[in-house]
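First the structure, which I've put down as structure tokens, then a few questions once you've had a look.
Labels run A, B and C following the written order; every chain starts at residue 1.
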Amino acid sequence: MTVKTNPGNFFEDFSVGQVLRHATPRTLTTGDAALNTALYGSRFAVQSSDVLARAIGYPRAPIDDLLVFHVVLGKTVPDISLNAVANLGYAECVFHAPVYPGDTLSATSEVIGLRETSDGAAGIVYVRSTGSNQDGQKVLDYARWAMVRKREPGAPAPEPVIPHLHKAVEADRLGDAVPFLDTKAYDTWASGSGDLWDDYAPGERIDHVDGMTVEEAEHMLATRLYQNTARVHFNQYAQASDRFGRRLIYGGYVISLARALSFNGLANAFHLAAINAGRHVAPLVAGDTVFAWSEITDKEPLSGRDDVGALRVRTFATKDKPCDELPGLTEEGHAEGVILDLDYWVLMPR
Amino acid sequence: MTVKTNPGNFFEDFSVGQVLRHATPRTLTTGDAALNTALYGSRFAVQSSDVLARAIGYPRAPIDDLLVFHVVLGKTVPDISLNAVANLGYAECVFHAPVYPGDTLSATSEVIGLRETSDGAAGIVYVRSTGSNQDGQKVLDYARWAMVRKREPGAPAPEPVIPHLHKAVEADRLGDAVPFLDTKAYDTWASGSGDLWDDYAPGERIDHVDGMTVEEAEHMLATRLYQNTARVHFNQYAQASDRFGRRLIYGGYVISLARALSFNGLANAFHLAAINAGRHVAPLVAGDTVFAWSEITDKEPLSGRDDVGALRVRTFATKDKPCDELPGLTEEGHAEGVILDLDYWVLMPR
Amino acid sequence: MTVKTNPGNFFEDFSVGQVLRHATPRTLTTGDAALNTALYGSRFAVQSSDVLARAIGYPRAPIDDLLVFHVVLGKTVPDISLNAVANLGYAECVFHAPVYPGDTLSATSEVIGLRETSDGAAGIVYVRSTGSNQDGQKVLDYARWAMVRKREPGAPAPEPVIPHLHKAVEADRLGDAVPFLDTKAYDTWASGSGDLWDDYAPGERIDHVDGMTVEEAEHMLATRLYQNTARVHFNQYAQASDRFGRRLIYGGYVISLARALSFNGLANAFHLAAINAGRHVAPLVAGDTVFAWSEITDKEPLSGRDDVGALRVRTFATKDKPCDELPGLTEEGHAEGVILDLDYWVLMPR
């Protein structure tokens, strides 16, 4: 007989080059898409309407990119971050193929770096995680690093390996998750804005205006939908003795909320093509109200296609702080109230 | 560069005859139908069972009529009522065609009336909104009026135009959203009651008995599902300084709740064919418990068909007040605790 | 004119041998399956992935067994337990056929026993309820008994009839809801554990480790999804004067939560084949955190098939009490904090 419950992996269990196959393949359906709408209220027309999606060249409305991201990340939790002290960052997240209702996602991770912490009690584990569909086609990959406890503090650690990760995804790697579009058929009445790629310029700043208050039931429904089992999100009995005293909301929930809020100002940014970097600056708990604003930081055409172009966007989300004064960085770091600092690429019709 | 966020339209931006196309076409799915069941607990058998629906002549179970209504109304919010001070009423709401999972709805509105308020700071905007499916077929239309702020108080206003709206939809306009039914195959065991159209008479009053307490997460999930972005429903940070100090629940949520409660007494009223008038007498907030009762106010056969007949129903919903004493109108207006006064037509098998 | 609302049946209304057809046939969809995932976070791979289900011999991912159970039980409430004082137990619950998205369930109950309580004010009603699909095929049946009020206390009662119910379902009655599986294609990476039927032994005890806090919105969404109308779950206005002062959570919600938690330790127990006995030891209310642990109490091969074997499991769920010390029975009864004591059979690949 063996121990049957999953204790998760500790720092000692990882080695560079190791590949982990994660459990629970997941068929995504229109049921998941409906829940995604109910949870965030997203209004990007391509994901909302089969008719509009078909008119421009999709076989049907694709699944929201961040729903794909959350489902893939959720699968990695039991193997990568069950014993994590902190999730430290993401990089080089690229969407490679569209996902449609009926597609089945599974996930693997490769360990690409390991570095013991200075106190010897834990270490940073760097992985590159990949989500694939039922045909084995890669739909998403991203690098992520987390601080993971050692099983035995002071246990010997391997030589440090720190992967070289790009600060940003190169623009010529964007767009594989979007078929060539007939953008003449893209209806800017239907999409909610006449502002297309050509109408945005680097340096532009947009307050997304609206605020959304979060409830315990909402973030737990979302996080379970992703089959993400990280304990801090669900167990108030245990969290009561945590330093926050509260369930902590899955960081990806904040990303999806900020993305839904960003519709008001970026309505034609129908595809999130890549995440360059993401930082959860402060935790979010139920009862807080989330606001967001964005700065356009770069603008690139895509090589070999003139249907869509890329905008690099930096979105700051706040809690209990409207964004009309665009709170972002100060000399001491992030402004008070900022909870998310996300650097990503979106595509817009040209 | 333009301002990218939607400021909504102000009173000055409307003109009689103006047609507005609303954003975000929406494909409805069985996922939306499942959420509708989870949110309200509706038990009308035709919408619940493909087998029963097919037996009587539908191609499959149709989408709940009020889900169609909420989705269409939600689309109109960014253009019509983002700057509304108050939603004043509905009239002449008629369902024209059934909606099935897979259908895609879009919406337009025509301005049919404008009237400045006496203080010159706002005006009443009357619109007729229409929801259409992917074939351009009209599935629903209704008149609605709201008080909308001016951008500049005191700005000049056009000559008042007040549309003539009927107090009730004529019975011969009902039923287009229901195929001719083989009511011999309508199973009153399955539907939950043997009481059919012939068993109801004008003047009859029915306490729907059950009460349902509402939570913040529930009404926000619903309202986001409809992609309705009206701020008062979502933003507790802003609402804290509002006169109620709370998020206000979307009025349509109350209508759907009352309709679901009305199953207990009107189990065979499977189709809501028209709304004659609706008034939200008082706001509902989370934590309140909703009850409902109904009076049958009229009864009409439908011309050219004897499969179904129409009942005109007036349903009162209350908060924190059971309806065994049928609280409705008093000499001073609505009885204490009444939150909804809805006058509508339902169809029942004969 | 008749009274149109359903008063429910009282003890006097039942007679042994009576068959009740329950209302509201229900087509289950991928929307219901998505909500089931969002509500409980279940991770059993067969129900999660069409690809994995097909690889081993299902036509597609089946609907979660307990979702089937809850939907069937929900239909019986208006006729059996609307006037129940207490739900006393279940027995002989057997799953007979798989249920897939698109299937339509309906339910009937036969009265199999009646016994007046000693004070003459109520009586125990024993029913065998059956859920069937659109082809009339039985998918589930179970015995259940509840204490139901008399309409008139002291009304005469029939001779007592107490049905003989087995303490456990015989192992040779298990497995009809599972097609013969190609277990060579069963992927234990995908399922989350390499521990199969051969790896478990009677006497083994497993702490499922994780805890899940419950919110009002969650249990009400679930219970409405099942179209279960029992009043104690929904009406805080009425419950405020109940002895608990709170909405009571549907017992089946606890069963589904415990089953989802049991994944951590029983990941390959993909099918709940039968429930031998279930007892809700104490009520659960929102804000409580649920934990669970299990003991393997028996282990049987299935006659005529060697693809899967049966494990008999006894799962205890607790509230606000982690299960590392395996709280179960004491000399005085159930240990403090125990809310559920469930005896059931699961199938696992061999």
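The rule is short, and it goes like this: a residue touches a chain if its C-beta (ideal position, glycine included) is under 8 Å from a C-beta of that chain, and two chains touch if they have at least 3 such contacts.
Treat the numbers as computed from the prediction; the structure is a model and nothing was measured.
Taken over every residue number at the interface, the positions common to subunit B and subunit C amount to under half, indicating a different-residue contact.
In the CA-based superposition of subunit A onto subunit C, the rotation angle is 120 degrees, rounded to steps of 5. One simple way to say how far apart two chains are is to compare their mean CA positions; for subunit B and subunit C this gives 36 Å. Contact of a single residue of subunit A with at least two other chains is seen at positions 29-32, 34-35, 215-218, 221. Taken together, the subunit C residues at the contact with subunit B in this complex read 1-2, 4-6, 21, 23-27, 29-32, 34-35, 78, 102, 104, 106, 134, 215-218, 220-225, 227, 229, 231, 234-238, 247. Against subunit B, in their complex, subunit A makes its touches with residues 29-35, 37-41, 43, 45, 48-52, 61, 189-193, 195, 199-201, 204, 206-213, 215-218, 221, 264-267, 287, 289, 291, 320, 322.
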